[in-house]
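In this document, chain identifiers A, B and C correspond to the written order of the chains, with residue numbering beginning at 1 in each.
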Amino acid sequence: MSKIGVFICHCGENISATVDVVRVAEAAGKLEGVEFSTDYKYMCSDPGQTLIKQMIKEKGLTGVIVAACSPRMHEPTFRKACSSAGLNPYMCEMSNLREHCSWVHDKSEATTQKAIDLVRTLVGKVKYNKPLYSIKVPVTKTALVIGGGIAGIQSSLDIANAGHQVVLVEKDPSIGGHMSQLSETFPTLDCSQCILTPRMVEVAQHPNIKLLTYAELEKLEGFIGNFKATIRKKAKSIDEDLCTGCGTCITKCPTKKIPSEFNTGLGKRTAIYVPFPQAVPNKPVIDKENCLYYKNGKCKICEKVCPTGAIRFDQEDELVELEVGAVVVATGFDVMEPSKFSEYGYGKYKDVITGLQFERLASASGPTLGEIRRPSDGKIPEKIVFVACAGSRDPSKGKPYCSKICCMYTAKHAMLYQHKVHHGESTIFYMDIRSAGKNYEEFVRRAIVEDDVKYIRGRVSKVYEENGKLIVKGVDTLLNAKPVEIQADMVVLATAAVANSGAEELAQKMHISYDAYNFFSEAHPKLKPVETNTAGIFLAGACQAPKDIPETVSQASGAAAKVAILFSQDELSREPVVAVVNRSAPPLYSTCVGCFMCATACPYQAIGEELITNRKGEVIKRVAKVNPGLCQGCGTCVAFCRSKSIDIDGYSNEQMYSEVMALLND
Amino acid sequence: MKIGFYPGCSLTGSSREYNESLLAVAKVAGIELCEISDWNCCGSTAAHNLNRELSVSLPARNLALAELEEMDELVVPCAACYNRLVMTQHELAEKPEIKALIEGKLKMTLRNDIRILNVLQFLEKHIVPRLDELVKSPLTYDVACYYGCLLVRPNQVMKDERFEDPMTMDLIMQKLGANAIDWPFKTECCGAGFSVSKTEIVGELSGKIVRSAVDRGAKAIVVACPMCHFNLDMRRPVIESYLQRKIDIPVIYITQAIALAMGLSAQQAGTQRHFVPVNLTVNR
Amino acid sequence: MNEFEPKIVAFVCNWCTYAGADLTGTSRIKYAQNVKIIRFPCTGRIDFMLLLKSFGEGADGIIVSGCHPNDCHYTSGNFHARRRWIMFRGLLDMLGIDVRRIQYSWVSAAEGAKWADVVNTTVTAIRELGPYTDYAKVAGYLEKEANV
């Protein structure tokens, strides 16, 4: 038989002004299972809590109901108080008399009656509350960071500097990501590589960071604190321990005309290559698709010239298994496939390029060594047209969102061009200029005022070639509102930032959610921007949404902090609101019939199977089993179960049924 | 499968040659086009600017008649008629209340599931797969394919991936042996209805189109819309006065091009009906 | 008080509607006293048999409310609930139970005013429908039969 104590709070006058608290306490005292009831001015105050603790000991209470404010406000307070008095904290619940009653109704008999109903309802539930114990799970203090762009680099360094182990996995032969391709960065115009490469070296040299390049996530299993990751290390065809990175093989490789990914196709590379001179690690890989030996079995020049004998043509992909406690996903973004813009002539005219290609033209390490020269004939363009929002904010191209970075980098491009070609003329077609950010608006103003960049508010309808010029047809929608035609030497498209092509597949491997555009979803748009809905997996950078470098770095550090918090504990303590499959005495063992409807309903893959065996080890029954480390306590499985064999602690079938019955039977 | 045919007013009047060449091509390919009996006006450009209900009712009646005659597909060669019929089908599908209202007015019910094909879709589906056997005298000149505005717009309804730079006609012309030039005026405005009220606008807009085609070496402009043809062909004097130069590039319908490639006579293709003489024997 | 005061049970999720109803309180928006909330972790947890039980025990109306689609704290619980509701509604209708007595809605944690509105509309609607005794009678009869 329950011995429940009911404590009615006045909340100063917040409750007592409209609810007759004395009568509520009286009525509660008469309920079956209630041992004691009283009212008090402030239950959450020190004397109020002392009163509860005292009564638990004095009356031997088996349950406590505090009828006060919302449990979202003070449930932890009162549960802690009960716990310190020796009562299991999960035997304490709160009836919401303030937010759900006194504040929303006028003073009346009906209001007091509702308060009585609410208390009675909860008594019905608490009668069936069971002591619960928070769940402990161990933590593996190694983090897996996927993606070696600036986001992954920042996260890795922060986690490693906090004293934890990091495995950084990058799919390309070098870390650095898109940031290593950029020329200068807005709004300060400092050189991207100058600020990035020291970080890349730091990653390579950090004792706590293990770097796996040319590698991808193959599989991720497990749960927070206890993930098991399988990484595919693609064959580089070289022995990394022997290779000194001297580069002789690269100079001798006969296949020299492969479009360089790093230079966005504007430069060429060899079949055995490092993507760029400052690459980390600075050791080559063989591109099997283009290598003569892999294509037709002849060549092997690299093997002949290698002074250390590091070439390994027979090397195969290797699968590495890792135990990790947390994952930071920092896989970045891509630029929209510009072939979608046949009206702008991308692919047809060599001098129509993307913003990322312009970065390479403007970069001192690029194919033109930083001189702005057009790809077709190497001439310096006298007139450049920049088209902002190429794909972005355009539902007909499937990307209704704003790519966020283009306004700023387009202003930067025009500015860089004006700085390098003084007599040049640059025009930007834009929809709106979005320059929210510290010193961003000032930067755009500088482009307009000091560098004389011409901004035209309107869209470009088409680009075509006539007499060696690119004719850009657009419209100026301001004041004179008329069609504009510009004869340009080069056109730069600020193509939309899109999710990586493998993003959807990767998300499904990790069971994290993603949006309609394949960007990964954060757990809460405002309050949990770096968490995913899967505990222990965090997001950093543009894989979540297009963002610029400062924002990416902030988020990466945020994700690292979340990992460090997780790793600050040896064991994780979780609310014990989890589902449980019942077990009973033989010969039934469990009412579960093994239909696994629950497993299909579970959003967390928390339900697996358990084989019940007899003493001889023979399988007698196959039933569902909940992994309490993965279960988040939504209870969807409970409502799904046909035989009522799965139940959820804290909101059990018995508790909820009794609560509803108590509500309706006054 | 029964393929229906909605000619619309132009094909019985100013663009008879479009009608003749289409039917001639279909006949060679052994395809029967069944004209909807008692068809009415599609509403044209006027109705949807003045009376929305009427602009849906008129095409809806044609669709209902086609359903009564158990047509599975409906070929609509005129780009404007095609646009009106497709827009109506879309509206009826999206707005059940309008569908109910129109059905009440017409005293007819609509399944609204007929496949409406413009001339390019019809050719692509029924003629192109058989061109290899049907082409007897391949075309040997450069052409500029001009799509105009109505075949691919509005994009929300037509859902054409390449609505800014369509390619279907270019590919058909290549199959006929011609070389479709790369030019930037495929979907520019020809001046459309200003042909009647302000011909000088047509002179300028169509003039730019024609000039670009000629300057890029095209020997003919290929079209699939009576209005486009009207402006580029019949309004040639206005165009010439705008451009201040004599231009003799002929404008032919895609169906005429196919008919000629099939070896049909100029008479059968209807090329003698044009204002600008069609003289396309010059080889590349 | 001559007017009929319906008894209405609200089955709500912890993360959106319960929090939304808290916001109604902190915003001091007034609404009718007839509705009492039962808190569930998620609408996906709600066993719809409890709805029938409630009618059997004398509820005149029921509100089920959770997070908007795509907002579910547990990713997909509200979708399961919605699917279940669509099935269940058809079933109730076939059984002759008046589905107008169940109000299915979405109230987010930011929609305090909407919660007050949902409560008031439901109370008005149920008041017009009058007391719901049909199902309780059948349930009572069945129980008696079972006890014999």
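Just so we're on the same page, a contact is a pair of C-beta atoms (placed from the backbone, for glycine too) under 8 Å apart; a residue touches a chain by one contact, two chains touch by 3 or more.
Quick caveat: nothing in here was measured; it's all calculated off a predicted structure.
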Maximum centroid distance from chain C, chain identifier (CA atoms): B
Central chain (distance from its CA mean to the mean of all protein CA atoms): A
Rounded Å distance between chain A and chain B, as computed from the means of their C-alpha atoms: 50
Approximate Å spacing (C-alpha centroids) for the pair chain A, chain C: 35
Where chain B and chain C are represented by their mean Cα positions, the distance between them in whole Å: 58
Chain A - residues contacting chain B, complex: 342-343, 348, 396, 461-462, 464, 466, 471
Sites on chain A touched by chain C in the complex: 70-72, 96, 98-101, 103-106, 108, 110-111, 113-114, 117-118, 121, 513, 533, 577, 601, 603-604, 632-636, 638-640, 648, 650-651, 653, 656-657, 659-661, 663-665
In the complex, chain C residues that touch chain A: 5, 7, 9, 18-19, 21-22, 24-26, 28-31, 33, 36-42, 44-48, 50, 53-54, 57-59, 73-77, 80-81, 84, 116
Interface residues, chain B side, partner chain A - complex: 155-156, 162-165, 182-184
